[in-house]
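One chain, chain A, links the two complexes that follow: it is found with chain B in the first and with chain C in the second.
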Partner chain A sequence: MNNKVKALIAIVVVAIAGVVVVQQQSGGDVTLTLATVNNGQMKDMESLKSEFEADNPGIKVNFQVMEEGDLRSAVTSDVANKAGQYDIVTIGAYEVPQWGANGWLTDLTSDLADDAYDVGDILPPVKDALSVDGMQYAVPFYGESSILMYNKEILDAKGVKLSNNPTWNEVAAAAKKVNSANTAGICLRGKPGWGDLFAPLTTVVQTFGGTWYDMNWDAKVNAPEFVQAVTFYKDLLASAGQKDPVSYSFNECLTALKTGKVAMWYDASVAASMLEADDSPVKGKMGYAHAPVAKTKEAGWLWSWNLAVPANTQNKEAAVKFIKWATSKEYHNLVGTKLGWSLVPPGARTSTYSIPEYKEAAAAYAPITLEVMSAVNPKQPGVNPQPWVGIQYVAIPEFQDVGNQVAQLVADAIAGRITVKEALDKGQVIAQAAGDAQK
Partner chain B sequence: MKSTKATLITGATWIIAVTYFFPVAWMFINSFKTENDAASLTPKFIFTPTLEGFSRLADRGMVDYLTNSLMASVISTALVLLLAIPAAYALSVRPIVKVQDALFFFISTRFMPAAASILPLFIIFKNLRVLDNIFALSLVYAAMNLPIAIWMMRSFLSEVPHEVIEASRIDGANFETELWSVVLPIVLPGIAAVALICFIFSWNEYFFSVLLTSANAKTTPPFLASFVDGRGQFLAVLSAASTVAALPVILAGWFAQKQLVRGLAMGAVK
Partner chain C sequence: MASGTKIEQQAKSATKEKFLPRKLIAPALIFSIALTQVPFLVTIYFSLMEWNLLKPQEKAFAGIDNYIYVFKTGDLLPAIIATVGLTAFSVVCSLLVGLFFAVLLDRKFRGQSIARTLIITPFLIMPAASALIWKFSMFDTNIGIINFVVQKLGFSAIGWSTQYPYISVIILLTWQYAPFMMLILLSGLQSQSREVLEAASVDRAGVLRTFAFITLPHLRQYIEIAILLGTIMLLQAFDPIAIMTKGTGGTKTLAYLLYERAFVGMNVGQAAAYGVVTVILTIIVATISLRSLFKVFISGVSK
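Moving on, here comes the complex of A and B:
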């Protein structure tokens, strides 16, 4: 046989042999695989994992960092099919109650009951959002609400003052007053997506008295309150918002505010720590206020990135040990002493806001973050009761698709391609189909 | 008049070339910026260069992902060539019956979108315990590229003059000699083109890698995406990662340029 043919056959044999090799874990040691999202707090956790490994010989933690959309796809297919590739998963507050109810996650209630962990220290609204029927399925690594951020220098120059609990009418008037050719009055997300445009917009809808669904899962997307809120949002963007709003989400608005292209921004509270970072041009120039309201007392959203243990993991004991360490008071102290106090994960534990060093490092935004996160109500964020727990999303599997489709329609309305009424009439049909599936 | 026309054509060619090349050049430039400079609303052409982005790649272990990509691409390309050449041979030089039906069958395997096959694949991989296995991923890539490789190879093999094959047979060449010493040397540029295209497709494949791998076999494209941060700036480090990831393919294309041009031109004229 020709040598070339033999070489090719050898390659195939090696490839096929590789396929059937089943990787065996070396006896005794446990390697935990953690699927997580790429952001500063998670990177800090990865940099500190050696401390956990040193205290727990025999346990190694392997971080798999993914883009947010990839994380959702990979973790959902893995956990739903009980494939067991991941021992610990990072999931949002949107997924936890659904996956917990499906039996996909380990019930952590008894594991968290020890005094040292102090589960009662977790911010109550966050804990509520991670529990189903009294059983807790995940622990928050960090959390956030939404607040109004504004450049005091720009507002002061125009003689504009904002209260600590502003109304949307007050904010709209201020935005119009400071709006100029070089500086937009306010930056609001317009990029289509349930997690982009509809995160802030849903809170506006709720404080205007609207909701996605009533208690019977009948959609209310083209109800007068929903239409009024979306019209207000669109008009505010048109009269005092950034140019080309449908291409703006969190990062674009962050850059615009940092570079003085906009005067105000309503978005995630975690942005405040970036605006106050040492390399930020607006450090020390910013003011912060509660999410603007209309008919409700609070209108901030609630989000947390959480650590959960899939129900079928082979390493449950070690996985639970790690997530308790990563969300403990001791971990917060470790981050503060090793990496800097301003980097302590916010919005998870009440006690974090009592640490003197943290209060000093995060003086500009820590008090308002705690105030808003303690005040929001994920069980009834709007005027009327709702059949799910959650603020800026509807905790049903169909919502990602519904939210994305309706967001695209609303973005079309913001861009002037269709009217708000047309967009929401179409959105009503889409939302109702998902609502019917819940009945 | 002729000179004006030539100048216009040259000018238009330059504009098109620069338009195509600019995003790549901008990626390269951004890879040497700080995150603040890269995210600046006003594009910055003058800045203090930094290697911070590249340093972060090393910290995140990019070499492992590049190694996985290289293994998956090389193994799958070798498998594809091993199967596509004989298949194409049987569809052109020594045609089987119902060639058109066979060709249609091969291309029909690409009709279904990858998303439709991912769940069955995932379950099969899970049951065979080959999730997160680079060899299993290579098999998927080989299956993914095989139909297009067969079609391309058939087109190249059809270009081989039948008289040359006849002459070799008259001279007493057996099948093995005919294949190795007569046909393959003639279509070598075509094989190079097929190999490079399969390599590029495998190197850039994203969807299957995200879902079928986790800790050990993850390839470079999902690693690149992992720098995208919904709550912070990432353009500089993403540009650095993309620059490094693009290098192997650019180098492979550059080295094989001569063969490629000849190969891609084959089959164009009957």
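Moving on, here comes the complex of A and C:
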């Protein structure tokens, strides 16, 4: 054996020994990997994680922040294939009941039972949307509903008044009255996609008495109520909406409202905090109302970003500890004192809305957010009962695809290339194929 | 005996000489076969599976079900029509615009190189970035330049992506690929013999006649090459559809349809089946068009 080989063997032995020693030293420590979405509130959580790490020596939390679309596909393939890369995942209200039923998530019901955490404080509709058969599979980090937002200056100039619970007919009349060459009456999402166009449109369908599926999973997409709702949405866009609906979703409408190009907007309640931000030109000029209705009492949607623990994680205990901390009352206080009270995650806990500092900082939109979020019913948002829990989506894996394809057809109808009935007749076939898979 | 071994040795070394280069090529050959054919074989395997990423427990062998789905749903033919239509219109438009600018640039003037660089720029911008630029800076109803001009002229703003998705995509692709056409045609124009042009002007042929009877025939091969290369690139256009129209109004091309099946439908099996069908169609079209492509190059060389 020559010297070179001996030297090489020596190096390898030392290296292996080194690795073993390092591993033994870090044996007591746990590093949690958390996949999350790149929203402001999540970044706040990352900036505060050192507080958690200081209180819980031996636990480190490693954040992986992604775009919503990337997060959805990364987490879906990881959890579905049981790859076990993440100890904590951030998932939407759409995924929680499906993944819970698939057995992909840890049941948190017993872990959340202690008094200090106070699980009863979580807004009841949000909690309902995250449970399957009484078992809770995720905790909400923040939640939102949909509300009507309007520029009071523009409406006042035309003498238009809106009640706190307007009907769609009132809103349509108001939109037509304030509509002018420079300012559209109302902004509504038109970008084809299940999470774009069909988020607000599904709530309109439900309040008009329509639904995607009946209790037998038979599609109801070309039923008269569905057609009537889509026709109403199309006509409202044509007579008083923004000019190029296919290009418009949340961000485009937000910009249009801020710059005074539209007078009203029906969208996520979380937009209110952006309209009331210090750099917003319409700060203090806005009015807010419940989601417009037709046949139901409430029509707002329900969405939450939630923290869940995949079933196959090695570090379940530490992961549960972290998600309880991140969704606790103490965390809300921590955000308020360290980062500012207007940044407290909204729509998750009832008690948040009785913190005096938060009430003051979010005076313009906190009361209506709480009011709407407590009032909506994800178990039966429409006139008739439905076989899934959820408002602006159908909680089946096929819905992303179905919603997307039908949204493209509806966009063709909005542009007038086909009639609403033709679009929805085609949509019915697509939806029925997905419904048959649930039977 | 001695001569016999010599011959044997010669024969041996000859076969050795033959095998050595083959052996040397082998790694590269195996590598390129693995790189190009294995993914395709895997795609064929996937296309025979019932596999939705969201339903891992239902993963199973499906036979030709996915292919039946591809032909039964009727999405394939409209996608082919959309792909061919968008490509054809965009190639023709960008060719005409490119020719126009090539003729303008084919003369000496101050700042010629600056003008040329500016005109080439759209081709150098990333497709996704140019789609975003057009969506917000040009087509937008509130801040877009086109609608600003339209409104100044006294008309009401046009919702491009909603009302005219097909034309919007063609406009964007033309803007993007006209510089490429211009580059090829400009090199053709500059290779024109000055003597022939001089002779034409001595014979008092007008500008238009010179262009129609001398320049255009000379440009023919360049135009053919520009059309073929442009078609190959434009067939893959994806970004303007994903960013501006989302496949509405007859803009759902094969590329976008495939993306939707894989990343919205999360259905690996169906997406793979669409992929295999697309590859077969492409091979058929490519065999025909490559033949004419080679013809163009060969005749270009012989001249």
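Note that the second predicted complex is superposed on the first by the 413 of 439 C-alpha atoms of A that agree within 3 Å, B and C clash if a C-alpha of one lies under 4 Å from a C-alpha of the other, contacts with A are read in each partner's own complex, and residues count from 1 in each chain.
Keep this in mind: a residue touches a chain if its C-beta (ideal position, glycine included) is under 8 Å from a C-beta of that chain, and two chains touch if they have at least 3 such contacts.
As the structure is a computational prediction, the values presented were derived from the model and not from experiment.
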Which superposed partner A:73 touches (first chain B, second chain C, both, neither): both
Touched partner set for A:256, first chain B, second chain C, both or neither: both
Touching partner for A:193 - first (chain B), second (chain C), both, neither: second
Partner chain(s) touched by A:35 [first = chain B, second = chain C, both, neither]: first
Contacts of A:65 with chain B and chain C, given as first, second, both or neither: first
Which superposed partner A:81 touches (first chain B, second chain C, both, neither): both
First (chain B), second (chain C), both or neither touched by A:181: second
Residues of chain A touched, compared between chain B and chain C (which is higher): B
Overlap of the chain B and chain C footprints on chain A, listed as residue numbers: 73, 77, 81, 255-256, 259, 261
Complex contacts: residues of chain A adjacent to chain B: 2, 4, 8, 11-12, 15-23, 31, 33, 35, 37-40, 62, 64-68, 70, 73-74, 77-78, 81, 83, 85-86, 195, 249-251, 254-256, 259, 261, 268, 270-271, 274, 279
Partner chain C, residues of chain A touching it in the complex: 73, 76-77, 80-81, 98, 102, 181, 190-193, 242-247, 255-256, 259, 261, 397-398, 400-401, 404, 408, 411-412, 414-415, 417
Parts of chain C lying in touch with chain A, wherever the complex brings them together: 52-57, 135, 139-142, 147, 156-163, 165, 244-249, 252, 260, 263-267
Touch list for chain B against partner chain A, complex: 36, 39-41, 60, 75, 78-79, 82, 118-119, 122-123, 126, 128-136, 138-139, 176, 180, 210-211, 214-216, 218, 222, 225-234
